[in-house]
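Supplied in structure tokens, the structure appears directly below.
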Amino acid sequence: MAYVQLVILLALLEFLLFGWAVGSARVRYNVPAPAMSGHPVFERYFRVQMNTLEQLIIFLPSILLFARYINAWAAVALGIIFIIGRGLYFRGYVQEPAARHAGFVLSAIPNVTLFVGALIGVLRAIYLGG
Amino acid sequence: MAYVQLVILLALLEFLLFGWAVGSARVRYNVPAPAMSGHPVFERYFRVQMNTLEQLIIFLPSILLFARYINAWAAVALGIIFIIGRGLYFRGYVQEPAARHAGFVLSAIPNVTLFVGALIGVLRAIYLGG
Amino acid sequence: MAYVQLVILLALLEFLLFGWAVGSARVRYNVPAPAMSGHPVFERYFRVQMNTLEQLIIFLPSILLFARYINAWAAVALGIIFIIGRGLYFRGYVQEPAARHAGFVLSAIPNVTLFVGALIGVLRAIYLGG
């Protein structure tokens, strides 16, 4: 379903922008490549990008299987919450690491929900003879 | 085939648990965010998570293409060995970095097998007119 | 389409080789696990691998959606340019971090093109009633 694919691409667009922010922070805080540390604010940008990558590897298969086996519109809604939560995570983290938790939770809840729904959907398909 | 999807979700569940272990290790070994180093045992947990992410980006497309072009049950079996190997990698690495090799090999062999099988399957599909 | 799958597997093969190069560099420059820093040349290898992982999470969904909604042969061509660009990025970066830019751009252009094309394709499918 094309709306699910659109949400996936928007999540990837957000990740692209996070990567661009890391590149800018590398220049702004004078952390020459290949270093990944050296200025604590640069490290925050880098951690946002890395943590989002860790989340995306769960998100992409989970949203596709959730949409297939549970409900495509619920998958879209959860995906949008995930993207918003990641945006708040970015905003909070670069201001102050302790401020990252709200956005983290707001993106982790839809992500885990997509994952658990996908797991339930696949198990149901197996028991019904998938 | 739903069993292949189940194996994919179980591999992602293991990765989620590794991520949770990194978060706990961050608190336990007192490595405040955004630092990614500062205590050698914390760094082991972090490396398990990162290395597993590096493996998963190979694993996910490979198991799907292997299941499609070679054999779905063989894909399931190799996927289960991969998950067990990653578990041993985690156990070994957090005890002692030198003890990570057995689990690494036990997860790399099924992963490379899935990759090579997928490649053979795709090449065969091309030559047979895919 | 099997040629798109072949390009995906070749991009993953390149990433596997980058990972192998990181492992060799860890031994050659004496950076014992789990450290991710300690020798600037090792760090270059590591950054090539990490940056390629960041690109692949965009590349894989984008090339599939581009092939589906825009054109499969154009997707194959852009994918091959991406792989070549990543190879140049590797070669440049390990020689000298400042030499990484040409390869980075040569892989970023096809990757962003695949992403934008996928987005246009999905939006068109939605407006045409996908």
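The letters A, B and C name the chains in turn, as written, and every chain counts its residues from 1.
Following the convention adopted for this analysis, contacts are C-beta pairs under 8 Å (C-beta built on N, C-alpha and C of every residue); 3 or more make two chains touch, one makes a residue touch a chain.
Treat the numbers as computed from the prediction; the structure is a model and nothing was measured.
Mostly differing positions are employed by chain B and chain C in their mutual contact, as under half of the interface residue numbers are shared between these two copies.
Superposition angle, chain A onto chain B, using Cα atoms only: 120 degrees, a multiple of 5 between 0 and 180. Between the CA-based centres of chain B and chain C the separation comes to 19 Å, rounded to the whole angstrom. Within chain A, contacts with two or more other chains are made by residues 36-37, 53, 57.
On chain B, the positions that touch chain C within their shared complex are 36-37, 40, 43-44, 46-47, 53-54, 57-58, 61-62, 65, 93, 97, 100, 112, 115, 118-119, 122-123, 125-126, 130.
Every residue of chain C that touches chain B in the complex is listed here, in rising order: 1-3, 5-6, 8-9, 12-13, 15-16, 19, 32-37, 49, 53, 56-57, 60.
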